[in-house]
Amino acid sequence: MTETTMEPLVVEREETKSGFVGQSIPRKEDKRLTQGQGVFFDDVKRHGMGYVHFVRSPYAHAKIVSIDVSKALELDGVYGTLTGDEVAIQTDPFFELSTPPGSEIKDYALAVGKTRFQGEPVAAVVAATRELARDAAELVEVEYEPLDVVVDPEAALAEGAPILHEDAGSNVVWSGVFDWGDWEAAKAEADHVVTIDYLHFDRFSSTPLEMSGCLVEYERATGQWTLYCNHQMPGVGAIWMAPAMRVGIDKLRFVTHDIGGGFGNKICLHPYYVACCLLARKLKRPVQWTEWRTDQHMANSHGNERVFRDVEVAVKADGTLLGFSCRAIDDCGAFPRYEPLGAIIWSQVTPGLYRWRNIRVDFTQACTNKSPVGPNRGYSRLQHLWLTERIIDIVAAELELDPVEIRKLNYVKADEMPYETPNGCVYDSGDYARCLDQALELVGWTAMDERRRDAESRGKLLGVGIGSTLDSGTNNFGQSTLINPELQFSGNNEVATVKLDIFGELVVTLGTVPQGQGHETTASQVVADILGVTPDDVHVRPGHDSFWNSHAGFSGTYASQFAVTGLGAVQGAAEKLAWEIKRVAAGVFGAEPDDIELAEGQARLAANPEAAIPFMGIGAIVNANNAILPMDVRDVTLNVRHVYVPPFQLPDKERKFGNLTLTYATQIHVCVLEIDRETGAYEIVDWAVVDDCGKRIHPQIVEGQVHGAWAHGVGAATTETFPYDEDGNLLTANFYDYHVPHALDMPPLKTGHIESPSPFTPLGTKGMGEGGGGAIHAVCAAIQDALRPVGKPVVYDSHNPYHRVWELMTRPEDSRKLVTVESR
Amino acid sequence: MIPISFQVNGETVEREVDPRTLLVHFIRDDLDLTGTHVGCDTGNCGACTILVDGEAVKSCMLLAVQADGTSVETVESLAGDGELTRLQQAFSAAHALQCGYCTPGMLMSATYLLRNNPEATEREIRKAIQGNICRCTGYVNIVKAIQEATR
Amino acid sequence: MLLREVQYVRPGSVDEALAALSSHEGARALAGGQTLINVMKARAASPDVLVDLGRLDELRTVERNGDGGLRIGAMVTYAQLMRDSTVGEARPILAEVASQIADVQVRNRGTIGGNICSSDPTNHFPPLAAAQGWRMHVRGPEGERELSADEFFLGVYFTAVGPGELLTAITIPAGGSDGFASVTLGADGTCIANAAAQVRDGQARIALGCVGATPVVVSSPEDVRTAAMDPPSDVHASADYRRHLAEVCARRALEQAA
Amino acid sequence: MKLEGTRSFAAPRGTVWEVLNSPHQMAEMMPGVESFDVADDRHWRANVKIPLGLGGMRMSINFEKLEEREPEFAKLHAKGTGVGALMNMETAFHLADGEGGGTEMRWEADVRIAGPVGSMGQRVLQPIVNQQVQNVLGALDKQVQQAAGT
């Protein structure tokens, strides 16, 4: 077995710099987390609290005829219940982002009148213990009248399909055509037009190990709710919840501490949280809800499933790609919630990594009787990037082109950066070809033929696949206006505060809501360098408390942006504080602020380091001894706030054109796998990934994100899937059937990196972490490569369990039918 | 309710328990040792791994009554004297944790491995943590950390 | 998670266990609990009384029979099978197969008796039991019965162990050579298809798992195609694919045995 | 999940019809019936505990007779609740005179299970349902024999 390579084999541009930024210092979070002292929401208890258990619909689509909670209420230890009828009276539907018909959809905390997916909560019960709550939930009698079910998005759009939302009158949430360049001209100019009838990006989710939940306290005196929870974007949660609950946004206090993974799956928790808030108010006691694994799989949020139809690709004889067109049908499940943002978010990476200029996508999003979707690591871009990577490999296979050469020929070049895409996005920096070369070298590209022969001698088919992706980070929320011109969102922002306390302690609060990304550590590195202290001297408050932590409209941890927005805010705040400290010291020494340097926890005269005031002294002077300060320094508070606002413009709504994200990190994967000729079972035997996310604040954390994104991709490509039967039963509602790769499933990993600093961000960093699904693309490509000798089947699905591989290899003609080449 | 008496991290615990209470819930809710986590409802994820009489087990597949008369070790026992164990230090040094939710179970599985096989190979390490799901790290740095701790 | 109400008893002897099992119709034996407790968490099955066999050390022994076979107590864990030197010498396949079941934690609790009594078609030991001619020793109020695999496995989650009865041990006749092969969901994961084989005096006996409610026995891989299988179609494999895998597993198990 | 089959009985059609249409005889046939109430001749309700090795799976089942054409055709609907699951079954049987005064029965059933148990997958459910159907048919044989004997 190849030894796992932990350190990058090739390190480009090694920079020696004093300071903590760029160093993999020990994480601040680790001390508590390795001792089991992390505080996750389910660890929080309150006197007299009741446990919530949701009664969930076993039907994917049914009319609710009646709900009878009387037997549940008779059980000893039951505190009360909540039903959809109460919810419909006490709250308004959550606002919808879409234009009609999607905007007409009514989404409440509990099902009102009918249920639209299996696992949808129809009632809630609160009891003294978790077990009793479940006992009581079983006693709630719900009479359903089953309705016809539709689980396929294309079937949902067909004439006569069962309609999920009568108010919308259609299963269409949103549709629109994206048309950039001149597709018809490109097609006319092409030497080959490759048509792919059908591609399917599968449904899965990152299934964070910690389930969703909250503990809610209601204070009657002030009408205020406190939610100890694990919402990863509470600001947005509040924007959904407060209007629906008919209260001001300040009535909702969100407190998070440690969160056991989010990956986007903890953004759409508002229906559950509203139900818990109503229960806490109704029952006059704290209530606690912990989702169970089966619940999470059935009814939390899945990643978007997407079908691509009639994909046409215009190619020149030498392999130059001119453009493509397709229809995309996105399946958002029973309720849009965060959607239809996914209908635009993909266009952050419209051309993928390639230079084609003529792209036309006819996009429709449909509702089906399945779990609602929500943002999921790589949200909406990985589906589209998978499409572009599939196109490249299918085109290469059909035209007998080398998958490496066709990529290099068509990749956006390093010297073209910053590069404006056909839809106005600006790729800030990067060198894709160099990343690819490095990845190929790591995996031993030149020895691959020998390895193929060796595999063959063991009854195996060896395949190599490339997955090249972009991780677009720092959203311009103006993109929402491209789906709904009425929406009043644009730009982005993030907040941090840094203060120097009375005894010299440096305290940082973040607007973000970390779930494992090490924000406490990286923020302390940035602050330490600016203030001349060590990260140990900087206390970054763990978690997020919306009453403590200053935050802005887009605060949260999502969409690969902390290294830009979060640390941009931290940097700004630390610089402001540095200036205040210098002014205080200058005031004391009768010098100018520019004469002061900050080092070793002191403010001192640069010309005479002996003249120094420790930070403790500065803190004491401003907070407790400020009469000694000159009048012009008395505005100093040593408690500063900075809002980082990226330089965005409003996009052009007509042309759907504009810069939608600030940074573009790159990940290039190369997967090597072996398929058992007799069974279709396969094993991933080697893997290399090269990452470029600009300046790296904490290389180890960056690598960790690369590892995680890789693992999610491998899972999605191989054993993680959320399939439904025709009745709308989810078939993988637990970790038995939804197989998450474990340590034996994951091959050794070789990693490398280059650094192309972003010219657009304060620290030269780029957002990263989502990874763009690179591993999915690489596995698909490797399977297709391995199967070339057995009839050259076409890998048409993002998820390829053994049985699908077996079908591909035994009936290659079935998938070959999907592709035609018209050569002129 | 059934009376039980057992050792938890070296201290005697005597309580009455409802037979249907799972050991993991007893540890978390009754003993307030919240380092032991719940990540699934089918015994697959290993976040609830503890040692019972020195054997690694999933505490969601044991009833609290079954712990009667045993000696239980949870993650809280590892740095009992305030000093992180070699393994805990290696986890931090190798960045073997991100969100930290799987970490307690992972540490207990690794502790069990190292007690029984202090010179485990990479393959043995992977096999030893196969019952512990991590969604953040792809296991790369977890394997590395345990390797560090074997040296 | 969150079980229904249940009573619990922990007998100190097999006789006490039998008495407890007989005293209540809804009583069930709790062995390692690695299946039963999960099923109870799903509230799919709900025994009224759990009779915990955990302290019955008399069921945790491995012995060599006079005829060179093995007698294995029903409460012997997978981990015990893996490290037991008698097993290692007499029937190393048992240790090899045990090491592929689930994970370390489950192997520390899960028992050979539980594996066959739960009679899940994807389990590892039922095909071995059928291929190797295990005898299941079932004790009840009327005394002890001895059953072959054919008599023992009745259906999914369903065996010949009746109310008030208890599987106490299995005996494995002195063997020829053994093999086991599987295709799993993830490395060492749930079996999508599996097969066990034994060759003794030139005679092959192959038992297929995952393709019916109970193990399907054939005498050669060529017979798999025509064997009376009823493989389920599910998210991991279609019935046809399972049939094909059964054939491959049969051949591989036999190759290992031969 | 759709199931179907045929079965021959060594008893006249009328006898088989009677057994199949008597709620009480029906109750005797079903595995694990704990209680049985007849509301009227078209509706009845059973509490069952389907015996599995791991412990019983409890369900409360409501039966409704949808259609009958004595003595050749009947259609039943059964809806079961319990264990966080819902079972919906529609079953129909056609009776015809068989050889030697016997009866030929052709039956079909469409069983749908929803909820978390439904989600556990066909792997487990399909064989369990098959098993229960075999039990019911076996019991039906016995009942018919008894009825024919008396």
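We call the chains A, B, C and D, going by the order they appear; numbering starts again at 1 in every chain.
Assume a residue touches a chain if its C-beta (ideal position, glycine included) is under 8 Å from a C-beta of that chain, and two chains touch if they have at least 3 such contacts.
Given the structure is predicted, the values throughout are model-derived calculations rather than measurements.
Novice: Could you see whether B-C or A-D has the larger number of C-beta contact pairs?
Specialist: By the number of C-beta pairs in contact, the winner is B-C.
Novice: Just how far, in Å, is the C-alpha centre of subunit C from the one of subunit B?
Specialist: Distance between chain centres: 28 Å.
Novice: Which integer distance in Å separates the CA centroid of subunit B from that of subunit D?
Specialist: 48
Novice: Averaging only over C-alpha atoms, locate the centres of subunit C and subunit D and give their separation in whole Å.
Specialist: Taking the average C-alpha coordinate of subunit C and of subunit D, the gap between them is 31 Å.
Novice: At least two partner chains per residue is the criterion; list those residues in subunit C.
Specialist: Each of 1, 3-5, 42-43, 103, 187-188, 234-236 in subunit C touches at least two other chains.
Novice: Quick one: which residues in subunit B touch 2 or more of the other chains?
Specialist: 18, 20, 25, 38, 41-42, 127, 130-132
Novice: Considering subunit D alone, which of its residues make contact with at least two other chains?
Specialist: In subunit D, 84-85, 116, 120-122 touch at least two other chains.
Novice: Which two-chain combinations qualify as touching?
Specialist: Every pair of chains in contact is listed here: A-B, A-C, A-D, B-C, C-D.
Novice: Please output the residues of subunit D touching subunit C within their complex, sorted ascending.
Specialist: 51-58, 83-85, 116-117, 120-124, 126-128, 130-131
Novice: Of all residues in subunit D, which touch subunit A in the complex?
Specialist: Against subunit A, the touching part of subunit D is residues 82, 84-86, 88, 112-116, 118-122.
Novice: Help me check something: in the complex, which residues belonging to subunit C touch subunit D?
Specialist: 26, 28, 35-36, 39-40, 42-47, 117-122, 155-159, 161, 212-213, 230, 232-236
Novice: Going by the contact rule at the top, pick out the subunit C residues touching subunit A in the complex.
Specialist: Counting only subunit C, the residues touching subunit A are 1-5, 42-43, 103, 183, 185-190, 192, 234-238, 241, 244-245, 248.
Novice: Taking the complex as given, what residues does subunit A use to touch subunit D?
Specialist: 56, 58-60, 118, 138, 144, 146, 294, 298, 725, 727-734, 737
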